[in-house]
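You will see two complexes here that share chain A, one where it goes with chain B and one where it goes with chain C.
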Partner chain A sequence: MQLPSVLLSLFRNRKHLYFLIGLIVLVTVSIILVSVLTIYISQSELRAWETPLSYFSIIEPNLNFVDNDYKNKLVEDSKIKKVIEFKDSIISVPGILNTEYRPVLALENKDFEVFMNELNLKLISGEIPQSDTRDIIISENIAKKKGLKLSDYVGNAIDDEEFLWGRFRISGIFEGELDIALASLKYFERRLGRESSLLVLPENNLSSMNNSLFNLKNNNYNIETKETLIKNNNKKNKDLLDLIYILIAILTVSLTIIVGLYISLYLKTRLREFALYYSRGISRFNIVKFVLKELLLITLISQLLGVLVSYSILFILKEMIFSDLIFLAQISMFDILLILPLFISIILVSFILAFKNLKIKKLENIIMGG
Partner chain B sequence: MNKILLESLSYKREVNDKYIFENLNLELKKEKGIILVLGPSGVGKSTFLHLLNGLLKADKGHIEINGIDLTNLDSFDSKKFWSETCNLMYQNFPLINWLNCKENLDLITGKKNIDEMLEKLNVKDIYNKYPNDISFGQRQRIALVQCFLMKPKIKLLDEPTSALGHDDKLKVIKLIKDITEEFNDLFIIATHDRDLIQFADEVYKIENKKLVLKNNIN
Partner chain C sequence: MKKKLTLFIVLLVSLVLLTGCGDKATIDTYSDPSFTKGSISKMAVFPMQNTRLAPSQSRQVNRDVTQGVNSINPNIEIMGSAKATRIINEHGLADEWAKFLDDYNSSGIPNAQLLFEIGDALNVDAIMQGEIVDVYQRDGKYGGDTALSRVTVRYSILSTDSGKLLWEATSRGSRESATTLADAPPLIEVIQLAQEKILDNLAL
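For the complex of A and B:
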């Protein structure tokens, strides 16, 4: 006698498996979405600065001024194209939970042209901010998402929920890859004080410039690159990640217990069938293997389905429910890997239960009419 | 030639600690045919088949079938024995409920053409139905076909006609008779149905914890 096909068995017994599949799908979706959304919400700073820091790096003085010797060294470095003094703030953009913002960089008027050229930003309407005025230029995307147009005003003086201080007049809108706003350094200095940070643009390659910056490192300055931004962000989010791990561990253990109970029940309902195989000369090992293949396939199919459902839910959230907001959450490999413990524990439990339920004595008792 | 040897076999039930067989000796040398084991319910017919099948272990004595020592637990390989030497069709006519009758039989035959046998047993029309959609008698007939198609030459049947009407019962026993002739199979049938006696080559009765040969039982 030969064993039937595992796929046929799954297909024909599907009515008994809907609950199990549904349960695994539900928990898989919960794990993925909890992870995606929590990490997304905690990474608003990263989203604001990651793309700009792909073009330049920042040097922030710990003291209240930039000493000229250090600045000269930077200017003379062949890896650095341009050193620009700047101050920064943030401007809110519509996002979920009102945590989304983008950088506002205040530059000297002479630096606008080179900065915009280097970052491929092109003014499509209006003009660059006049020196020492409340003019601000914003990216096309920010204008669209915030519903702003030329000559509109922005700032927390007119909108309590706005992160940008004061009141600024939109003097221009530009297009480009970066979501930022640019304003006049002089005006910022007048309102916030004279101390500025340095923005350094690379001659050719950003990473070789960053290496050079770290070689010139002076304890009076902090260097902020894309890498340090990501590193600091991960450090800041460590507690949050620990919380996610705990939550996922609780979900995984709870589901494994329920799945274990259900698998036990499922195997009991098919015990007569397994006894039949055994009585026809199929070894217990091969029957257990058959059962494990079935359970492995169910788990795999359910988790794949869970991943697909997660993608669909996220798509619906992004494209339909929050389509007016900036909502860039994406399922990463990290989120998918978080469902691996669930897979391993279900397989482990299946393994234990298959051996426990398919004991030779039990099978023989059924054959003998027990 | 099939050879079944039982020497000083004793077996007692665990439940009440009473012997069902005590000091039972039997030597059967037969190539093919039908051997009936008769007796009322509870006398130990099924137990006898389970002992021959190696499912139950004798408390004392020795069982040997075609040179295989069933009482030697170290050397006895039940998997090989059941798939090659001796197989039991147990009482509740097990079929896999989620496979239709044809698929159930395919597991044994590997999709061999068995139309003639199906015709004889009057089960061709239920071939594509699922076991839960047919009557108990029909299930029994399919289970019997499955048993007939299996490789072991020694086939143990536990009450194979219990769920069948008179006509079907005769059809089944006649088919068993044909199969013994055609395929040289040896059937050992435990039953309380005396209608089967006329088709048997040898009839044994369980009496006083022994198996007694009854040649003139009619």
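For the complex of A and C:
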């Protein structure tokens, strides 16, 4: 006698497997979504600054001013195209848990043109901010998500939820890859004082300019590049990642115990079937292998289903529930790898339980009518 | 000799009492939680309303406020009443501002939209507006009342950022003569008395 195919066996026992599949799917979805959403919420700074820092780097003085010698060195550096004085703030954009924001850069009027050209930002309506006025120009995407149009006002003086201080008048809307807002440096100085940071645009290549900046590094200044942003963000979120690992470990252990108990029951209900195979000359090893194949396939299918359900839930969240908000959460390879311990532990438990439940003595007892 | 000296002292004391007068100023203030030191960098001081003074005296009162604010915080750029009035006239906002003051004085709620417009026109963070709320003057009546001038002055600082009232102070100043023979003290002196009290309590 030959063993039936694994798929046929699964089909025959499908009623017993619904619960197991459902449980593994549920925990897989929980692990993936917990990881995706927690990391997403903690990365609001990264989402705000990562793209802008793909175009330029920032030098922030530790003291209250930038000394002219240092500034001259930067201006003379062949890898630097332009050094622009600026101040920054943030503007909120609708996102989950009200944590989403985008940078606001305040520039001198003479720098607007070069900055916008370098960053491929094109004014599609209105005009650039006048010096020392409340004017602000915002990206098309920010305008759309916040429901703002020309001459509207924005700022926490009129909306307590807004991160941007004071009150600004939308004087223009621009299109481009960057989600930022631009305002007058002089107006910012009125409220925030005169000390500014420096924004440096590369002549050709950003990474070679950043290397040059680090070579010129002076202890009185912090250099913020895309790489330092990611590094600092990871450092800042290390505790959060540890928390995710602990949560996932708890979920994995809990599920493994429940799955273990269920597999044990499942195998016991099928002992007669296995005894029949044994009585027809199929070795215990082959029966155990057969059972393990079944459980491996079930776990694999359930986890794949879990990943699919997670994608579907995220899709529904993005396209239906949070369609008015900026919600950019995505499932990464890191999130999928987090379900690997669950897979390994289920297989390990299945292996132990299969050997424990399918003992020759037990099978022989059943054959003998015990 | 001793009698003469005593008489001289009595006469001197009487003279001091008769020529002296009683000054008093009380104050009530309101401050919005968002109003903090350094939150205003440019402010327009508008002419005081209902002054009942001669134009030169009105100018003096407005000048006193401007100088007072400047001495409290020299970093604040102050736009004087003449320039502020000229700009709102140029922008055709004078009538609306007058209506704003009427509405604000009766309801206590500022029209934020108009404050935004005026703030944008003047390019200031706040507007300071003074008003004489009430005036009482009484000449001395021999054998009866002493001379008295009493005035209630109110100053409001309105934010052109938020359209809210940031700070308000109401001061009641009074000056009373010691004799029943005097005329009511000049109004401008009492206004200045109340105004000084207000400026003493202003933390910009």
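In the analysis below, the second predicted complex is superposed on the first by the 370 of 370 C-alpha atoms of A that agree within 3 Å, B and C clash if a C-alpha of one lies under 4 Å from a C-alpha of the other, contacts with A are read in each partner's own complex, and residues count from 1 in each chain.
Keep in mind that, in the parts below, a residue touches a chain if its C-beta (ideal position, glycine included) is under 8 Å from a C-beta of that chain, and two chains touch if they have at least 3 such contacts.
Because the structure is a prediction, the values reported are computed rather than measured.
Engineer: Would you mind checking whether chain B and chain C clash or fit side by side on chain A after the superposition?
Structural biologist: Chain B and chain C fit side by side in the superposed model.
Engineer: Between chain B and chain C, which makes contact with more of the residues in chain A?
Structural biologist: Partner touching more chain A residues in the overlay: B.
Engineer: Is A:336 contacted by the first partner chain B, the second partner chain C, both or neither?
Structural biologist: Neither chain B nor chain C is touched by A:336.
Engineer: Check the residue A:190 against both partner chains and state whether it touches chain B (first), chain C (second), both, or neither.
Structural biologist: second
Engineer: Using the superposed model, determine the angle chain B, chain A, chain C defined by their C-alpha centres, to the nearest 10 degrees.
Structural biologist: About 150 degrees between chain B and chain C, seen from chain A.
Engineer: Now for A:368: first (chain B), second (chain C), both, or neither, which partner does it touch?
Structural biologist: After superposition on chain A, A:368 lies in contact with chain B alone.
Engineer: First (chain B), second (chain C), both or neither: which does A:9 touch?
Structural biologist: first
Engineer: A:132 in the overlay: touching chain B, chain C, both, or neither? Say first, second, both or neither.
Structural biologist: The second partner, chain C, only.
Engineer: A:167 in the overlay: touching chain B, chain C, both, or neither? Say first, second, both or neither.
Structural biologist: Second partner only, chain C.
Engineer: Could you say whether A:281 touches chain B, chain C, both of them, or neither, answering first, second, both or neither?
Structural biologist: first
Engineer: Which holds for A:150: it touches chain B only (first), chain C only (second), both, or neither?
Structural biologist: In the superposed model, A:150 contacts neither chain B nor chain C.
Engineer: Nearest CA pair across chain B and chain C in the overlay: distance in Å?
Structural biologist: In this superposition, no C-alpha atom of chain B lies closer than 75 Å to one of chain C.
Engineer: Which of the residues in chain A come into contact with chain B in the complex?
Structural biologist: Residues in contact with chain B: 1-4, 8-9, 12-13, 272-273, 275-276, 279-283, 364, 367-369.
Engineer: Using the touch definition from the top, list the residues of chain B that touch chain A in their complex.
Structural biologist: 46, 50, 55-56, 78-84, 87-88, 90-92, 94-99, 103, 107-108, 110, 150
Engineer: State the interface residues of chain A toward chain C in the complex, per the touch definition above.
Structural biologist: So the residues of chain A touching chain C come out as 132-134, 153, 155, 157-158, 166-167, 169, 190-191.
Engineer: Once bound in the complex, which stretches of chain C touch chain A?
Structural biologist: Per the touch definition, chain C meets chain A at residues 34, 41-42, 112, 116, 119-120, 123, 125, 159-163.
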